[in-house]
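After this come two complexes, each holding chain A, first together with chain B and then together with chain C.
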Partner chain A sequence: MAVINVSKSTTEATVVLCDSGANILAAANTITLLNLTDISITNNQGSFRYQTLDSQSESVVTTVATNSVALNVVIDETQFFGDGSNTSPLINNGIFGTSNNKTEIDFRVYFEGTTESGNKYLAGSGFITGLAPTVNPSSPLWVTSLTLEVNGDLTEGDVV
Partner chain B sequence: MEHKWLRLFKNGVWTGREDRKVIFKGAEHSIDDLAKEYDLDLPDAKPMKKEQKQINKIVDDLQNDIKVKEYEDMGKSQQDGDTE
Partner chain C sequence: MAIRDTLIANVTTAISGTGFFISSELPWTSGGELLYNKNMKTIYFSEEQKSVEQFIQTLDSNDVENDTISLTAYVTVDAKTQPTNTSNVITSLVSAKGAVANVYDISAEVTNSIEVDKITYSVEYVFNQI
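What follows is the complex of A and B.
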């Protein structure tokens, strides 16, 4: 097997957001996040530990998982504030509006780009939170963190 | 060389595009053409050639049997009864 290298132009890590229930492969309802600086996925299985008198060590069983995607972007104005004139609520309201309205969206995190067949992605549904736009004189571009709080499971898929 | 598009076979069934095309090294290809070019065995490939060889072998064997039976009587006399 091989490492996952995102350094080529056709294999960049990509995050696509989509109106809930819409076709995520259609541009009409999706935002492909621009200017990503980093992505971090959390798939944290809950655990319950217990002790019994007949064992010298704790036993454990897993419980429900907590899933989220954390990323940082250099803000694109249109993506962040929306274009204000689109039939797609996500594109119309932008990232900030979608977060403010607490609107659930679908998403995919492509590990190695969106074009080469067989490359992997993780998908789910959730809510945009954790926005924290920031700027300062020595870093004059607005950047923000963004967290996708996943509602339910993360699922894996293959680029077709 | 890694052929990640083979992952689109699930339990031997093709789950990719209906036209059986994939993007490989940045270009669109038919998976059947890729299989021939890179000498890959597709999970849903039909074993046509092996069956034809088996049929031909069976026919050849039958023909050989017929020839053997035709000549079987050549060394014997036609009458088994005693002469008087």
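What follows is the complex of A and C.
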């Protein structure tokens, strides 16, 4: 058993976005998000509680889950606005365009980087929402939150 | 050093005709006396000091760093009979901070000290740069 340490250069927590259905291991259809400041994954199982006369406590069963990934990034201009000249819709339109167009994408959240075999990732499909770019004079860099609303399950995988 | 050069150039223009002067030399010590005490009504700028700190830490090590650059301008005048335009010159020194480009969160603090019959004005500038 070991803690998950992301402080090494080969084990940095990484989020990769990909055109829906494309090869997420190929750079041609992916954006590896730059300048991430934090990642938060929510796998919130719904619950239904009920009471019975033969029990002093509530019983519970789980229902459908709500999954999402919340990120904060320092905005990279090309990634945010797209390069405007790519066959990949994601790279062409960028994060803002993909959100604005409500285009579904695939993604992976690599817990310890993308290079060391056996390290874990969570994957899914969903939509980019929650963009809130902000800047102020005392913090003169555009930063934004970004939420991936997951369509369906989060799945676990291993880096190959 | 770029900021020091910019300040010197700006102040040189601003104090033209005031009877004050500006030196490009650092305020070193000559014969046991600081140059700005020895040469009154002459402005000297210290060397820049710089500290670098993490401004935003990122998970992919593309950390954004903030440079804090500070330097001080010194000018000494007669404390018994101050030149009448001393306050205007000090104002010009403070205003010079606006001439430095590509910085944010700028400050300038004016202090003074009297020794015997001389008063020395110090203007400390602090600039932040990403």
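Note that the second predicted complex is superposed on the first by the 160 of 160 C-alpha atoms of A that agree within 3 Å, B and C clash if a C-alpha of one lies under 4 Å from a C-alpha of the other, contacts with A are read in each partner's own complex, and residues count from 1 in each chain.
In this section, a contact is a pair of C-beta atoms (placed from the backbone, for glycine too) under 8 Å apart; a residue touches a chain by one contact, two chains touch by 3 or more.
Because the structure is predicted, anything quoted here is derived from the model rather than measured.
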| item | value |
| --- | --- |
| Fit or clash between chain C and chain B when superposed on chain A | fit |
| Partner chain(s) touched by A:S20 [first = chain B, second = chain C, both, neither] | neither |
| Vertex chain A; arms to chain B and chain C (CA centroids, nearest 10 degrees) | 120 |
| Chain B or chain C, by number of chain A residues touched | C |
| Contacts of A:A2 with chain B and chain C, given as first, second, both or neither | first |
| Touched partner set for A:N119, first chain B, second chain C, both or neither | first |
| Partner chain in contact with A:N35 - chain B first, chain C second, else both or neither | second |
| First, second, both or neither for A:N43, with chain B first and chain C second | neither |
| Which superposed partner A:E12 touches (first chain B, second chain C, both, neither) | second |
| First, second, both or neither for A:T129, with chain B first and chain C second | neither |
| Contacts of A:D158 with chain B and chain C, given as first, second, both or neither | first |
| Which of chain B and chain C A:V143 touches, first, second, both or neither | second |
| Nearest-approach distance, in Å, of chain C Cα atoms to those of chain B in the combined model | 17 |
| Those residues of chain A which chain B touches in one complex and chain C touches in the other | none |
| Partner chain A, residues of chain B touching it in the complex | 2-8, 16-17, 22-26 |
| Parts of chain A lying in touch with chain C, wherever the complex brings them together | 6, 9, 12-14, 34-39, 74, 137-138, 140-141, 143 |
| In the complex, chain C residues that touch chain A | 55-62, 64, 104-105, 130 |
| Partner chain B, residues of chain A touching it in the complex | 2, 10, 115-119, 158-160 |
